[in-house]
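Next up: the structures, one after another.
Here come two complexes built around chain A, the first alongside chain B, the second alongside chain C.
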Partner chain A sequence: MRRRLRVLVTGAAGLVGAEVTARLAAAGHEVTALVHRTPVLVGNDGTPLEAAGVRCLTADVTRPRLGLSEADHEALAGGIDRIVHCAAITDFGRPEEDYQRVNVDGTAHVLELARAGGADLVHVGTAYVCGERDGLILETELDEGQRLANAYEASKLRAETLVHKARADGVRSAVVRPSIVVGDEHTGVVRDYKNIYVVLKLTTEGKVRSIPGQYEARLDLVPVDYVADVITQVTERFDEAAGRTFHAVGAPLTLRDFSDVMAEYPSFQVPRFVPPTSFDLGRLPREERVYYERVVALYESYFRRRMAFDASNTAQLVARPAPGGGQDFLRRLIDHCLESGYLGAPLPGVADVLARLDLTGADVSGPAANDANGAGR
Partner chain B sequence: MILSEEYLQSLLDKAYPQIRSVADCAVVLEGSIAEGFGNSSSDIDFLLIADSDADLPTMPSLLFVDGRRVEIRTRSVRQVAEQFSAVTAAAAGRPGAAPEDLLNRCQRLLRSFPLRNPELVAKVKGLMSFDDFQDTAREWWAHAARQSVRYALVLRQLGEEREAAAWTEAGLLQAVKSWAAGRGEAYLEPKWLPMQLDRIGDHPLCARYRALASLDVSGLDAADYVTEGARLTVDLGVTGAEPEAGRITVARAGAVTTWQTGERVHVVRGQQDVFVLGDRAARAWRSLVFGRTLEQTLATAQVAGVPQAGPLIAQFLRFGLVRAAWKGEGTIVPRMPLAAPSGDVTPPPSTARPVVGIGGAAAGGAEAVDLVPVPARRFSAAAMTLVWSNVLVENAREDLVGALDRGQWSVAQLSARRMLRFSLRGVLSAYAVNPLPPDSEVVRRLSLLPAAADLDEIRASAPSLETLTVACDTEGAAALAALDDFVALVRRATGAHSFPSSFGSSDGWRQTLEIGYDWLRLGAHLNADLPIDEASDLLSSGGAQPHATSV
Partner chain C sequence: MTSHPNPPCPTEDATRSTVYAIVGAMAPMTGVELADETTLVADLAYDSLRLIELTLALEQGFGLPELPQEETAMVTTLGDIVRMVAAARRQEAAR
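For the complex of A and B:
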């Protein structure tokens, strides 16, 4: 039987953090769940996490000593064996300083804690620190002089570089790099509809009809449950994992896979994938341009990339087979979105039906302007 | 039995020398006469059972003895045992999974009459208990009945009441067969059902069934017939098909995809059949969201401007473009056992011509769910060729105008010929000719196209345009005017009048690109042949107009 560990999970209220917390607690470890504001943890399936052995601690990774008093910081440092650093801003389009504060400074502050208490660190990065490199991306590679697509990727590269440097000061660490985290491998269930989900919503509803991209471009979607399993394994088997990096990735889907699967849903619009050199933002209709600029433009680079992620370290350490499924997995994700009402033509209310009867022809399909971030559903 | 054992033995004696039999084999009479049914025209069905594990042929021998048709089948004991095991295994899996022929064979053997080697017959019958078989048959019929009645409820909700009544009739027959099987009347074919019910005797359910056996007999209107049918189905012991709001949902049909080009919606079935939807049909189609109830779907369609969308959705169901599901219990798969094999209906191909225009296939009206008369890949390839041919006509025209400006008469003459041939590529493509004949043949191959006023005019003008000479300003201006008229005629004839008329306008060019990308999307899905040179030009040109003049 494994030793009972004392683990601090940062970003424990987040999608991945909550699932990792649940797994560590279920495995009998003593978990301190570091949360920024709400001391309530909710699992990916939406149910509150009420596991024994989980203590919530309100703190702020952007501040020195995580915003704790010197004594509290010292006590925390002395009471943990491992830190799983999940806290990060993962959505796009924020001001650059936000990424610096949370993703980079936050990592520096977590490293200070690890150094102070001699705790081991499992740093959760992103597979997309590879930026716009093509070809096979190895787990052993980090800074290859790659071009980074956005401030998010740049901040995650800087953060991971800090983790590597801290090894020289004796902070033992392992890095887990998930790709694009989406719903459960078997049910498609997801708690938060962010990132790729917002793009799916805008395109399937026909709000964005043209996307600069190539049919052969690949997006790597990875189920949240698999990512949490990999992080948990790396945490528990840290002696084997120390000093190594683990890609937590899924089966890549091409834009053609997306196009073909989206076409299976009668109510969905399928976007045109236009060669990037032919795409002209200025020619989009005004409303589409707004959606494009506010959301889709942030993902532009992902619709061109054709890399594949090597996951040899993960395959060697983690018992669970890497997720496959390809188009079937995408169908499961979309089916769940239909079930939950996130995607699919909006259901008409009585007002809609009455509006249709009014022969003045009121338009019932106008998008709410504040829906651009996909939060309004 | 309507025939005596002596008579059967004598028939067997006469038949025996004509077949290759095995020593010590058992012989039984099976089928309707053995069941106690039958009449003077019924076949005599003998089954020979060899006490071995041989692979005996499945195909029966047909003999005529004493003016009667005698059918003789053969099975080894091993083959019989395998049949019984297969039925048992199927019954343990999905209800209704057992093939009907297998059930039929087992039932007939279990209820057969021994004529030779009764010990071996008893041994073989002992391989499966009739009670177990009876349960299997009851569940098998119940499954079919449940599906039929559910489908009837779907159709009624979609406003197709006569069709709903027909499926109720089928469902009731299946339900009463299930009920009868539970009482030992497990003979599979429905043709002796009246005698089976007579044998069960004076039972109120038999009377109720007889009164509802068909819509005509019932005297009810179609909608009430469905209600009464569903009620009797439950009373006959078949549950799971009770009318209940919100129970029926829309579900995915495998390998069906939707592709819109411009405003036209195409639905591709199995990567092979293209259905083109008229405007109302398209809006009803776009209202379908998997997992939503029929009530919600009809309301969504109404908001989309299609009140009474039911019959359109029923048509989508018939063609296998979408399925209905019983919430929590999967897709509804109606079938009529021991009838013609069921499956998705395919309508006759559309006769609308030309087959395809720039903006999509021709649809015969707002409610159309028309089958395009060519396979999907060829349709897609022809459509892309049509789009590119129109682009190329514009290129060639620009070359022609440029050459005329500079007095380059040979270049002008060649450009004029290209303009003609590219426009004819469009004509042939609009009629789904694909791959195209070589450019040198396109004028002659107009003979492939049907007679029609526009086409006759094109056929009449093309040969002279192909031999135009351009050697001076006057001839050049005349050629340009003649070709412009011809292109206008071609575009009228091929429904390409919506094609951006001026490539000088950036909006026109954007529209061209968008239509091109719409078609490419379908082409990529089908792995269709792209008009590769032209397409790759378009894709790599960065949206710039090919041959755009820089002055």
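For the complex of A and C:
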């Protein structure tokens, strides 16, 4: 075994953080798992992590000293060799200041801890800091003046920029940038159904039937176990990784691939991707418009992008081959969703539930409830 | 929306039973006994998408305008929803 490291993992209860914690502990390292609201660590396959050598610490990255007392902060700083920074707000559509506080200020506070303790930092960024750039995206590129699609991407760019700047005053760091994190490469299993899964659900259930986008657009899906392997290797082999960035990405799938694979499942509806210029929100039925506005619109930019991620640094450092699979991998992900019941067994819709409760009339809420199709609102 | 007489100011108790009915009927997990402390995610298995649908159901069921995201994001228990909906109904009634 390599030297036993003392590692702090932030966001350790998260999808990626829990898998990284499990790997580091299994390799014999001493892990301090920084947790926030959720104090329990559950692996991607749903089993609780009960590894020896993992100590949980509740803290809040938005607060100075992570909300710890001066003495506790000092003790923590003095007792770690490396920090893996996974904590972030990863869902879309939150108020801008949430991303600033957690993703940017949180990273600044983690950098302070690294500086105080002389610890090395493995920062988990996102491949989508590339924003709406087209073409081949290199690991060496960061701020190329690109347009960013949302406050999440913008905050992750600012955070990664802070990490780079801190190198000047001595904080050694490496950056790992996953693309869209999805289920296990071989089993398709995933613990949390978020981002692309939500769009899959809305479309396959026919709740969203058209999406502005281009069939040639590409989505890069990467298995969570591969992402955790890359982060773990970068952490263990930090001396080789220091100062560099590693794309943790999979094989890109076009929206045509998505459409073709979805059509193989008899129970699925298949969405149409329509040219953004001819998409008319006003023509959608009310329910579909609401799903569009509150969910799909958050991801719209991703249905137009055609970038590809170069992963030379990762290929050089990490022993495990980059995930491939394309359409087969997508089938595996969908099959798991069907087995787990996430897809294929839709819950009753809003209109059905309200009708069953007899709440579509005026009895509860006065005359406004008669406005059933939302006209005039 | 403005031409009808104002309904009497709705109270939390009047709102509670309807909120319970909607939250229970929309819940992915059935057969759970509901109380103000019941949590949407841990006890009733709501995920992010079903929470959006629940928001829609509450808006339509109570005839409310769109509930702001800052408020819906703060909700974790059934009691939180009762308070949020009651406040929104009072606001509507005051208009």
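By definition in this document, the second predicted complex is superposed on the first by the 343 of 377 C-alpha atoms of A that agree within 3 Å, B and C clash if a C-alpha of one lies under 4 Å from a C-alpha of the other, contacts with A are read in each partner's own complex, and residues count from 1 in each chain.
One rule holds for everything that comes next: a contact is a pair of C-beta atoms (placed from the backbone, for glycine too) under 8 Å apart; a residue touches a chain by one contact, two chains touch by 3 or more.
In this text the structure is predicted, and so the values were computed from the model without any measurement.
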Partner chain(s) touched by A:G344 [first = chain B, second = chain C, both, neither]: first
Partner chain(s) touched by A:Y265 [first = chain B, second = chain C, both, neither]: first
Touching partner for A:D328 - first (chain B), second (chain C), both, neither: neither
Partner chain in contact with A:V198 - chain B first, chain C second, else both or neither: second
Touched partner set for A:S210, first chain B, second chain C, both or neither: first
Touched partner set for A:F273, first chain B, second chain C, both or neither: first
Partner chain(s) touched by A:D134 [first = chain B, second = chain C, both, neither]: neither
Chain A positions touched by chain B in one structure and by chain C in the second: 347-348, 353, 356, 364
Residues of chain A that touch chain B when the two form their complex: 210, 215, 256, 259-260, 263-270, 272-275, 277-280, 283, 335, 338-339, 344-345, 347-348, 352-353, 356, 364
Residues of chain C touching chain A in the complex: 1, 4, 7, 18, 21-22, 25-26, 28, 47-50, 52-53, 56-57, 60-65, 69-70, 73, 89, 92
Chain C contact footprint on chain A (complex, rising order): 91, 93-95, 193-194, 198, 201-202, 287, 290-291, 294-295, 347-350, 353-354, 356-357, 359-360, 364-372, 376-377
Chain B to chain A touching residues, read off their complex: 252, 256-260, 267, 285-292, 296, 299-300, 302-305, 322, 506, 510, 513-514, 517-518, 521, 524-525, 539-543
